[in-house]
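Next, two complexes with chain A in common: one pairs it with chain B, the other with chain C.
The block that comes next holds the complex of A and B.
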């Protein structure tokens, strides 16, 4: 493989890998606080993509209640991205209030909660289909208005061409990763989040309103999920209501690979899988989605706790 | 000995864990500035009493008043904001966070960053060992250091009432003396203390009054001096 091709694939891998990373953080944040995988996360990812799509003023297709509908205005892409993610975050909040909190209050078994979140995922997917049908949607090319379709980082003789879309999604996800890491490690609220993740009863004895922080966690989780949904939709297409389900499985591979509940682990896992997928020779590209699970399988044989996972949390 | 309005008052407090009755018709009063101790054998319901005050378990019946205001409708975080800090049984420091993070979390309810910085300094002066271990993960501290951290963390909220659950548990006598000396200082600085102890001698030396809890009920209460020479207390708790 030529060096420039390798570099090109590394950049592409890093770019999609950081999208995997922010998506996986959505799982990880909830897992580290409640010890539960929120299977509705993939559906929230899908919703984020549709919200942004609608907010850019793009038109829906021929099926569903919203057939041929279109907002009377169109937001610039970046604004639509964040507003769409905010709406996805609110869906996350709704899922917590309607499902997770009542089950928690009844002391439900985590397995029950997990299965219920799967139920919510199915319900959300069907709702999406009811409203906008099962068509494939592409963001209009005008969303990246003014930008050239690709950038050459090499020389005319030895080109190192990267699609602008890849750069855009990579930069946005990296910025979100940095901001989220700063928030969790450097702010008062982030410190309280870490405290609730470690011991929620003790946190409430310190004056932390744990339910409110859990709500915030669901918002952040939905927000990053929504961002990831839009970015993947932009990079490829929005493949229909089931868009987020396959992606959701890959997200699970990412968090298990990195170490369940481990934030740097989710980031590392996302980037490893993103790069590995892109280094795949073109003859094997049909197996791209299997790569995540192949890596997961091998790593777990050697390190059952994942790349950065703790073997066993020591309770003092 | 103390008159005026009680700082804390439990009336007819009853608590259940599922079908098990853990507390039955508890009456207890703490006046401002006092040190009051609650002594009793394992399983008597001492920790349960403190948990009920902090609202991390529900009361089935009765009333809990703090400065005359009912706590029963409050969430645990609100109780802290009202001025009650609880040092739980087994210390419960946040093991995966640094000593400093633990202390700052103790001040979570406060917004005055200058005051918080002052208080942090004050805790480090009170417990110099915590200063040396400021960046260390709390889970790597020794038992005694963790107890110091748990107390210092509670003080960071500037409580008016401190609930302490067995601060002497599992600690060497010299560390216990150190911690109790600190508690005395705190009390003379105006912090009211409700102290749960199995080490009754220690508790009665420090407290002005005591309550004896047996199988979920208050058996009797008196001044600490009288309890110290009470035959029933001597037999059961002073060994």
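The block that comes next holds the complex of A and C.
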């Protein structure tokens, strides 16, 4: 591989990898606090993309209840991105209130919680299909107002061209990563979150309102999931209601690679998988989707605690 | 009646097959292993049958009654002489394919199971999800699986004009045997060892139960059953591609077991039968005259929403599924040992 191609693929990998990272953070935050994997995260990711799509004032297709529907206004893309993600976050909160909290109250097995979140994922995905059909939607190119389609970082003789979309999603996800890391490590609420993750009983004895923090966690998780959904939708297309499910599975590979429940691990895992997928030789590109799962399988067999995770001693 | 069978024959066969798949997921769960690998083995079994029946056993792929390829396949077909007259393919070979598919899946399950079953709970579930996804990508890309198109024209062991319901003569005994096997297993030494491992692995190990051996054994049993079911399904569906055996299928099969009942052999069967029929039942309910338009359109187009909600909230209200050992025993009017146990503790 030539150096420029390599650099190009590295930048692309870094860009999609940071999207993986923020998406995986949504999983890992909930896992670190509740010790469960929320399979509805992939569906919330999809919802985020559809919300943003609607908010930019774009028109829906001719299937479903909202056939040909269109909002009477259109928000600028960046605003729509955050409002859409906020709505996705609210869906996350709703899922927690309707499902996870009652399950916790009954002391349900983590396995049952997992199955339950799968059920919600199926319901959410099909609700989307019920309302807006199963068409492929792509964001109109006008959302990136006036930006050129690609940027050349090299010289005219040795071009190093990167799609603007890749840069935009890379920059947005890096900003979110930085803000979120700051929030978790430096603010009082973030410290309380980490305390709950460490030991929820003790922290509630110390006066932390755990239920409210869990709600907040679900909101943040849905929010970053929604952002990731929109960014992936922008980069490729929204390939129908099921588009988040496959992505959600890839997110699992990311969090296991980094170490379940480990926040820096999720970031590292996302970037490693993003780059690994992009460095694949073109002859093997058909197997691109298998990379993340091959990594997941191997990591589970060799180092189940992940790259940055701690070994857990099995207690009686 | 003929009309009914013509309309719902395929659905009924599918219900039976899904019940077998539910049992194949229940087997590892009996030993406390949440494995979502069943669709992967199901897919492999299907490909084995599809490749064998269209390329190896018959000289002319997919045509009505091609000549068996060689003396060996002729001999194989001869073991099971009950081929319906006018059928394009001997039933005996379908059974042989099921055997080969099950055997291959069993061997593969030993290879995968030995390292993977060191993982517990959610980690094993994730590893098996990865396994299913890797298989799916391979199926989409390998030449032998026919790529994205898959393999079609899988020969039918019944006359041209027969409905899919003809498969009942294979499927009903298959489910019955599988159910009987699991029923007997629960009462055998090995089955009790599985259940002991599920309830408390440490205590079971202290009692001298080898955890690795029993976990791998349960995993292999599930894989063999799923592989055989796949081989049969390939014939029922007539075509096989990478859409068989995906993560969606994992969820569905898991739902059969969880909703039906995850602690006794009858649970997965009830779950598989009922949940497979449910979308069709909802569609029929939607067709009742006099329902408001919005409701009937929701019942028919939104049936998967109902399905998802049923799984999500069913778990909340029936954490052990609809069929539990206690309810079964109360039916049998004998005092429940489990309930007595719980009263003591």
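We adopt the following convention: the second predicted complex is superposed on the first by the 308 of 316 C-alpha atoms of A that agree within 3 Å, B and C clash if a C-alpha of one lies under 4 Å from a C-alpha of the other, contacts with A are read in each partner's own complex, and residues count from 1 in each chain.
As a working rule, a contact is a pair of C-beta atoms (placed from the backbone, for glycine too) under 8 Å apart; a residue touches a chain by one contact, two chains touch by 3 or more.
Computed from a predicted model, the values in this text were never measured in an experiment.
Considered on the superposed chain A, chain B and chain C are sterically compatible, since they fit side by side. Using the contact criterion defined above for the overlaid structures, shared-chain residue A:194 touches chain B, although it does not reach chain C. Of the two partner chains placed around the shared chain by superposition, chain C is the only one that A:290 touches, whereas chain B remains out of contact.
By the touch criterion stated above, A:210 is placed in contact with chain B alone, chain C being left untouched.
Among chain B and chain C, the chain that touches a larger number of residues in chain A is C. Using the contact criterion defined above for the overlaid structures, shared-chain residue A:124 touches chain C, although it does not reach chain B. By the touch criterion defined above, A:202 reaches chain B but does not reach chain C.
After overlaying the two complexes on the shared chain, residue contacts for A:111 are found with chain C alone; chain B is out of touch. In the superposed model, A:276 makes contact with neither chain B nor chain C. After superposing the two complexes on chain A, the closest approach between C-alpha atoms of chain B and chain C comes to 10 Å. Overlap of the chain B and chain C interfaces on chain A comprises residues 316. Of all residues in chain A, those touching chain B in their complex are 188, 191-192, 194-195, 198-199, 201-210, 313-316. Of all residues in chain A, only 37, 99, 102-103, 106, 108-127, 129-130, 245-246, 249, 252-253, 256, 260, 286-287, 289-290, 293-294, 296-297, 300-301, 304, 316 touch chain C in the complex they form.
Per the touch definition, chain B reaches chain A in the complex via residues 54, 56, 75-77, 80-81, 85-86, 88, 91-97, 101, 104-106, 108-109, 139, 146, 153, 157. Here chain C touches chain A in the complex through residues 34, 115-116, 119, 121-123, 125-127, 129-131, 133-134, 137-138, 140-141, 202, 247-248, 251, 254-255, 258, 298, 301-302, 304-305, 307-316, 319, going by the rule given at the top.
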